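Both complexes shown next keep subunit A, but they swap its partner, so subunit B is in the first and subunit C is in the second.
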Partner chain A sequence: MNDTVVLSNDQTDCLQEIVNVAMGQAGDSLARFLEVFINLSVPRIRLVEAEDLPQTLTEMVGHSGLISAVRQGFYTADDGNGLRGEAIVLFGDTSFKELADILAYEDDLDAQAESELLLDVTNVLNGACLSGIAEQIGTELAFTPPSVLGQHIAAKEVVTKDNLLWMQALLVEINYSLENRSFNCNLMMLMPEDAIEVLKFALDKLLEDFD
Partner chain B sequence: MFEFTPTKELLGFIVDRINVGVFIVDKDCKVLLWNQYMANHSYKKQELVYGQDLFTLFPDLPQKWFRKKIASVFMLKSFAFTSWEQRPYLFKFPHNRPITGGVEYMNQDLTLMPVKNDEGEVVAVSITLLDVTDVSVYQTMLKEAMSKLELASQTDGLTGLNNRAHWEKRLLEEYNRVQRYGSTLTLIMLDLDHFKAVNDTHGHLAGDAVLRDVSNKLNETFRESDIAGRYGGEEFGVVLPATDLQGAMIVAERLRQQICAAPIHYDGVDIPVSISVGLSEYNPDADTHEKLIAQADEALYQSKHSGRNKCTSYPFDSSVT
Partner chain C sequence: MTIPLLICDDSAMARKQVKRSLPDHWEVDITFATNGVEGVDAIRSGKGEMVFLDLTMPELDGYGVLKSVQDEGHKSIIIVISADIQPEARERVMNLGALDFIKKPVDSKKLQDVLKNYGLL
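On to the complex of A and B.
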């Protein structure tokens, strides 16, 4: 493994702390927005090799059933900072009707409404979580429109190994579920090597300030 | 090189005149900014919309849904998006392909962006609107081409029936359904009698005409829900979902009689045609769909051996020849 991208113990602790705090805030604002209590897992941070990603996706979902996946790009809005990556949200093929209900969809849930719902929820989750992380390392994120990677597919089909032009990426994994509802999903924030460098730099600055 | 610092006036001018819709609304969806592009396409002048309620100005907007979007930007202090692929348009704007577009209104992608004050609180939402009509037109053309290709890859060129690969896939689907949820199905395999002689005597074009004619009769005889396909050269298969052997035999017998009663006219010649048929209903012995095909085939060859132009169902008494 390329040592330059590996986070030191201090850096990992610091990032874990930041993500934990961001999750708390995100859970709070999501709960207010959706008017339903949100259960969040403790975020898990690790490096993944490109070739392991399909397997990682399957393990994250935890079953071999069908899922739908949406991706969304993010990058720092500040000039030339260079933090960038993609967030992928995986939805189990559970009751979408429930989600539609929560997000005030008026129409019947046809295929189009279903994908719009996936995009909306992805955007809301990413906006809440990732912005919180960015804020704490003193930057602000901008987002690209989300797009559907696939609907009703197996988790390992979400990405094609050959299309991954990076070797390692930093993966922050968060699981969501809604209280008293059957809905749950997995959010993974992925940053490629050069963005990890930027992140490490930002973490070091934070650590210095603490000392 | 001269020093260049864009003035506020210049930036304002660009926002106003840029070839993209830009508008800003406050928490109550009152319009705070409306650029020229929005004015031109909505036929609503800037001075008439400022301070007005967006939904009063445009009663057609999906209000509940759009308010929730705006609310999400205020509450989560983050971006929101809409895409033409899910909602082709929000505003009923004309587009610049009124002749060749094939869509009624301009297709739009919207980006909703929080406008924050110095304290970081969201005070308004800035919305940019992109005309993606061209993209949607190309995407629609691509989809049409793809579905034509898909159909072509499933169809037998000569007869227009399902080709073998697709027919077998459909058989497998029906077979799996019966295995999982019960009910039954019957498989009919049929083969033209002495087809080689038709080719040899009347030529291959005549042979093609015979295959097409039999295919037409198959289509006329069977129901919409039955699945007919060309299995091989002159062999055809039909899947009859939710149909028992008795019911399938009645249809198969009718088809056999029709075909042998009406010779095919080709190039001034009447070519007599008959078929041999084998049937097999879903049964425990056929534990794969291939076995079911094999059983129906066996019955078909029994029809051949016992004189052709007849229907045999599996299992049969092989001592009768």
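On to the complex of A and C.
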């Protein structure tokens, strides 16, 4: 593992708390959108190798069922050398049926309606969460339009090493679940090597304030 | 009289943020806990007459701490400081005996206002 991308304990702790605050804001947005109570858990932060990502995704989803996934890129609006990465939101197929149920969709969803629903929820989560993180480190993010990576596919098929443009990335994993229901979705943020450097610099500046 | 004050949060940065937000010259004896289990232990040993409590934590979350305190009949004054800003989260902690709820990141003025409102300063 390349040493320059490894976060120190302080940097990890700082990022974890920033993500925690942003996750709370996004959870509140999702709760309002679905009119339900969202259970939050502690966000997880780690480095992943591109070749290990399919396995990581399978473990993250925690079941062998099929999933749908949406990907959205983000980057700092002001210059090309800032924070950048992509956010991928994963929904299990069972969760998806529940989502349609909660939002009182009639009967079966066709593929078109499903993909709209995926994009809607992704927008709600990413908008609040990523902007929340950016705000706390004093920057502003722009987003690429979200795109559906796949519907009803195996977790390991969501991304392959060949369609990733990095070798190592920082993975921030957030889980949202609903009480008394099986709905569960994962938001993963992936930031490649150069963005990690930018992030570490921003975290160090925040940490200086606390010494 | 020095008040035994417990700050219970899994994040070192959040614990520092709370500590820094405390009023100057407030006579407190601060104990830190990094999860709910440690928090309950500290309360049992009398180190948490006042508690600033996070909700989303490993081992035992803030709701679990509030339940334990209720079940065991401790008289701790607990103020929740959390990033979970869902109105229902606030309602739940109030029902579990919390005195008030402050959203993260904690703001020094807000924290001190809360303490003043309840006559704790």
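The criterion applied here is as follows: the second predicted complex is superposed on the first by the 189 of 211 C-alpha atoms of A that agree within 3 Å, B and C clash if a C-alpha of one lies under 4 Å from a C-alpha of the other, contacts with A are read in each partner's own complex, and residues count from 1 in each chain.
Please note the rule applied: contacts are C-beta pairs under 8 Å (C-beta built on N, C-alpha and C of every residue); 3 or more make two chains touch, one makes a residue touch a chain.
Quantities reported herein were computed from a predicted structural model and do not represent experimental measurements.
By the document's definition of touching, of the two partners only subunit B reaches A:131; subunit C does not. Shared-chain residue A:210: touches subunit C; no touch with subunit B.
When the shared chain is aligned, subunit C comes close enough to touch A:38, but subunit B does not. Touch criterion met: A:115 reaches subunit B, while subunit C stays clear of it. Touch criterion met: A:25 reaches subunit C, while subunit B stays clear of it. Contacts of A:10 after superposition on the shared chain: subunit C is touched, whereas subunit B is not. Shared interface residues of subunit A, touching subunit B in one complex and subunit C in the other, do not exist. Within the complex formed with subunit A, the residues of subunit B that make contact are 62, 64-65, 68-69, 71-72, 75-81, 83, 85-87, 109, 111.
Subunit A contributes residues 29-30, 32-33, 103-106, 112-113, 115-116, 119-120, 123-124, 126-128, 131, 142-143, 145-147 to its touches with subunit B in the complex.
The residues of subunit A lying in touch with subunit C in their complex are 10, 13-14, 16-17, 20-25, 27-28, 31, 37-38, 40-42, 136, 206-207, 210. Put simply, subunit C touches subunit A in their complex at residues 10-14, 16-17, 20, 55-58, 82-86, 88-89, 103-105.
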